[in-house]
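Letters are used for the chains, namely A, B, C and D, taken in the order the chains are written, and counting of residues starts over at 1 for each.
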């Protein structure tokens, strides 16, 4: 596996520096692994995202105007340690408190929990919303066991807009919780990415097999099946979402995200979108907007995921607000 | 520093291979350096274990953390035992990240804090350490024995320590090491309900939890050190 | 090679339909392979791009507000036929003429040339600017032999803004020619993509070898070398651009694009960006803005390219204008 | 339509294997259907040739174009020879795309137009066709013989046709086929200066140009058809 790296052990640190270079002055590095917008409005409720690196553009590529105010970056595939989260928290806090918004993985939960305690000890108000959109990872009755996957894109986008207008942290929590509760995703894995430091694949899958509902690190999903045509796959995935406990009826509006896990091409994502749209139109469900491309990745992993976010009159204006970031920009 | 270095040199030559009834702060420091070396050396084995159940990076995180811990320990002139454990915990916590950064960090930090300003470690201190360590980890992560995490190894170690307060430190540490290893072995038969492996369900059976393997290695090394 | 497709021979047609679905009403399909913005201002000079599919998001993913007005899409890796280009031309023409802007490949040149003749016969004014930014493909003295690669991203972005403000086709040609003449790129190939219809790799390269300056279809570049660290590679590529005939001096402003050819991760692109920025800063060259990610791809090909566009007081405001498209959006 | 079908059936049974002095519009149609079949069947060979020098899709484009051309030809009731060639050219041009879509399209379109309203094809018509076809392709793409493109095969075919106006159609077509094949063979030794292969430089030596292979296959099939 050829990868364009220097010392693979420095990959995470170098990519964070490169990210700051990408933002070309708009973003500042704070300590070894935290980044924050250089100019944060002095009276806003702050939005902090974070997680392991290696999944670019998330999470740290989601900071920007109308998006997150800061990000805590861990090593490759490793949640950030509490001190990095704490530094990010201090950098983004403008006195109105900080919302932690991240994917529901044990490592992230524990490190952010410790950071939140440290921040509270410093008098910074912190609240947390966990992203658990992956319907394939647990039953609806135990949603708090679900993983966070690509649904974090519309959720962070909406949260960014909400953070710009929320009068306080509680209002932000409630808006973001609504975005989270209205988002469902499911993915399919075709082949693994590789761990930069070892060059080894992140998981194994037979040449003709695909993992329905598999997580972005190879976590078990609904089951391993034989490769199938795009239309069948799209229908199977969409049905897993439609069978979940988020009620979607004729006349409802949804945001659709077709996310590539890395090396799966836009061609494939577009072909899946065509089928997803046809199936939604059949049910009278209206597409409010579409996102498509490699947004939540796991190195050069192949596969894709479908996410739906049901948007009502509260969420629509938050979606419509312009935003700008490496990962997602909206005019 | 000079005194500590002389003591270290003496230890390396001779005392290292003799049983120790109690450990001085500096000996605890040496023990943790030995643990660091062993963990760093086990990188591949630990990552491979994580490739089966998780995302394949457990050894990388542990190596990163214990490389930093070793450096911090080398620079330390400890006056209490707790200080050595806490420094280890803080360093792991601050450099590793991931699930294991939090749990390994808390393990040493909580354990060390519980030892107060004790200036030596004996079998009863070991039990105090283990109880606080286990409590810290379960409070943080919510995992119970049987969930197929490092808590299984840690709980095994803690039970052994609690039952060994009347023994010599070497015997108590041997019991802790055996308890940790038995706890790790037991994870092989379990279905994961915590961490990344939880969605694997029945597929997780047959493989030991990587964090539990780390815990077992740590206390085996400690036992070898106290003799 | 697993790919998420239905009949591979339908891939191009289905992806064009999916693209129209992506644009969710903003884009209309015209005939079998042309797409155009649904609402084009009634008095604007039109910008038409086009090329083979399989390189998404280019070319057809570059239509949108402040970007191209329409696109002619060919089959996978095949320039669009003249009739598709003609239909796209008719759809975007608002009486002020149409600029054809596309990459310099024999197939594209010939098909667009025939289309331009057919359009002229219908009384539509057509001009052409060819994109030939790849410095590795020919000497500066025979620039018209150079290939068009990732440099088309900044060029099309600037052209889109220029088309919104140009009073006539001649002014647009002159602005776009300036953007083209100030853009240089060079790429490196690590591994091939695969042809959807056959599953076969698009070219061959040894496991430890990389193709410096190789084109996106495997076309020969400067030479095959052994894999090297990211910093060395970044410096080697950048030097190929700096040694070319575009004069870049201390105080000059450049747009920087680090383009992934498909499966090369953002992590790698960011690490390369870090080095490129350091080298440019060393020379006193100022980074005006950065683009980064998989913008000009060849299926799941691995590798990346660096592009620089020198921007002066004419080009800067064109770059600054907001734009929106699947491929590139700017707030 | 019925008359045409009857004629076609008769042709398939017998006349197909006999030499033809001139070709009727319908026979030209049958010849081009035979060419279509042969090209469709050669998809892999042509794509493989393009994998060496270009982007590996020449066979796919030719198959796409000639599948459409065959359908158009089947639906055609031609009254002139030129009409058959032009329909072929228009269809290739409109469905293939890529470099070969343009050049193959122009080849048949220009050649067909030059035949005016002739209602049969003889050796002199063949020469008229070839000259216009070559002119169309070189005007469009600028390639000259020696540039390692299909022009080498086409120019070989054209020269042979020009020298064969006094021969029978089968003999002229055999000469054209040989000329095309020799032109194709000659491309093996050339360095590409046009199309995608041009940046390959010396590496392009040893492999025939894929478009030239197509031209050679087309006229070999034509020669087999006229007998």
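Going forward, a contact is a pair of C-beta atoms (placed from the backbone, for glycine too) under 8 Å apart; a residue touches a chain by one contact, two chains touch by 3 or more.
Fair warning: this is a prediction, and the values are worked out from it, not measured in the lab.
Visitor: Which number of steps is the smallest that gets you from subunit B over to subunit C via touching chains?
Guide: The fewest touching-chain steps linking subunit B to subunit C number 2.
Visitor: Starting from the mean Cα coordinates of subunit A and subunit C, work out the distance between those two points in Å.
Guide: Between these chains, centre-to-centre, one finds 28 Å.
Visitor: How many angstrom lie between the centres of subunit C and subunit D, each centre taken as the mean Cα position?
Guide: 33
Visitor: For subunit A and subunit D, let me know how many angstrom lie between their CA-based centres, rounded off.
Guide: Averaging C-alpha atoms per chain gives centres 54 Å apart.
Visitor: Which word fits the touch map of the chains here: line, ring, star, complete or other?
Guide: Graph shape here is a line: each chain touches the next, no loop.
Visitor: Let me know each pair of chains that touch one another.
Guide: Touching chain pairs, listed by label, are A-B, A-C, C-D.
Visitor: For a test of understanding, state which residues of subunit C touch subunit A in their complex under the given definition.
Guide: Within the complex, subunit C touches subunit A at residues 2-6, 11, 14-15, 17-19, 21-24, 53-54, 56-57, 61, 65-66, 190-191, 193, 196, 207-208, 210, 227, 229-231, 233, 262-274, 277, 287, 289-290, 292-294, 297, 299-300, 302, 304, 322-324, 326, 329-331.
Visitor: Which part of subunit D faces subunit C closely enough to touch in the complex?
Guide: 47, 51, 54-57, 60-61, 64, 93-103, 105-106, 140-141, 194-201, 203
Visitor: So in the complex, which bits of subunit C are touching subunit D?
Guide: Touching subunit D: residues 9, 52, 74-84, 105-107, 109-111, 113-114, 137-138, 145, 147, 195, 197-198, 200, 202-203, 215, 217-221 of subunit C.
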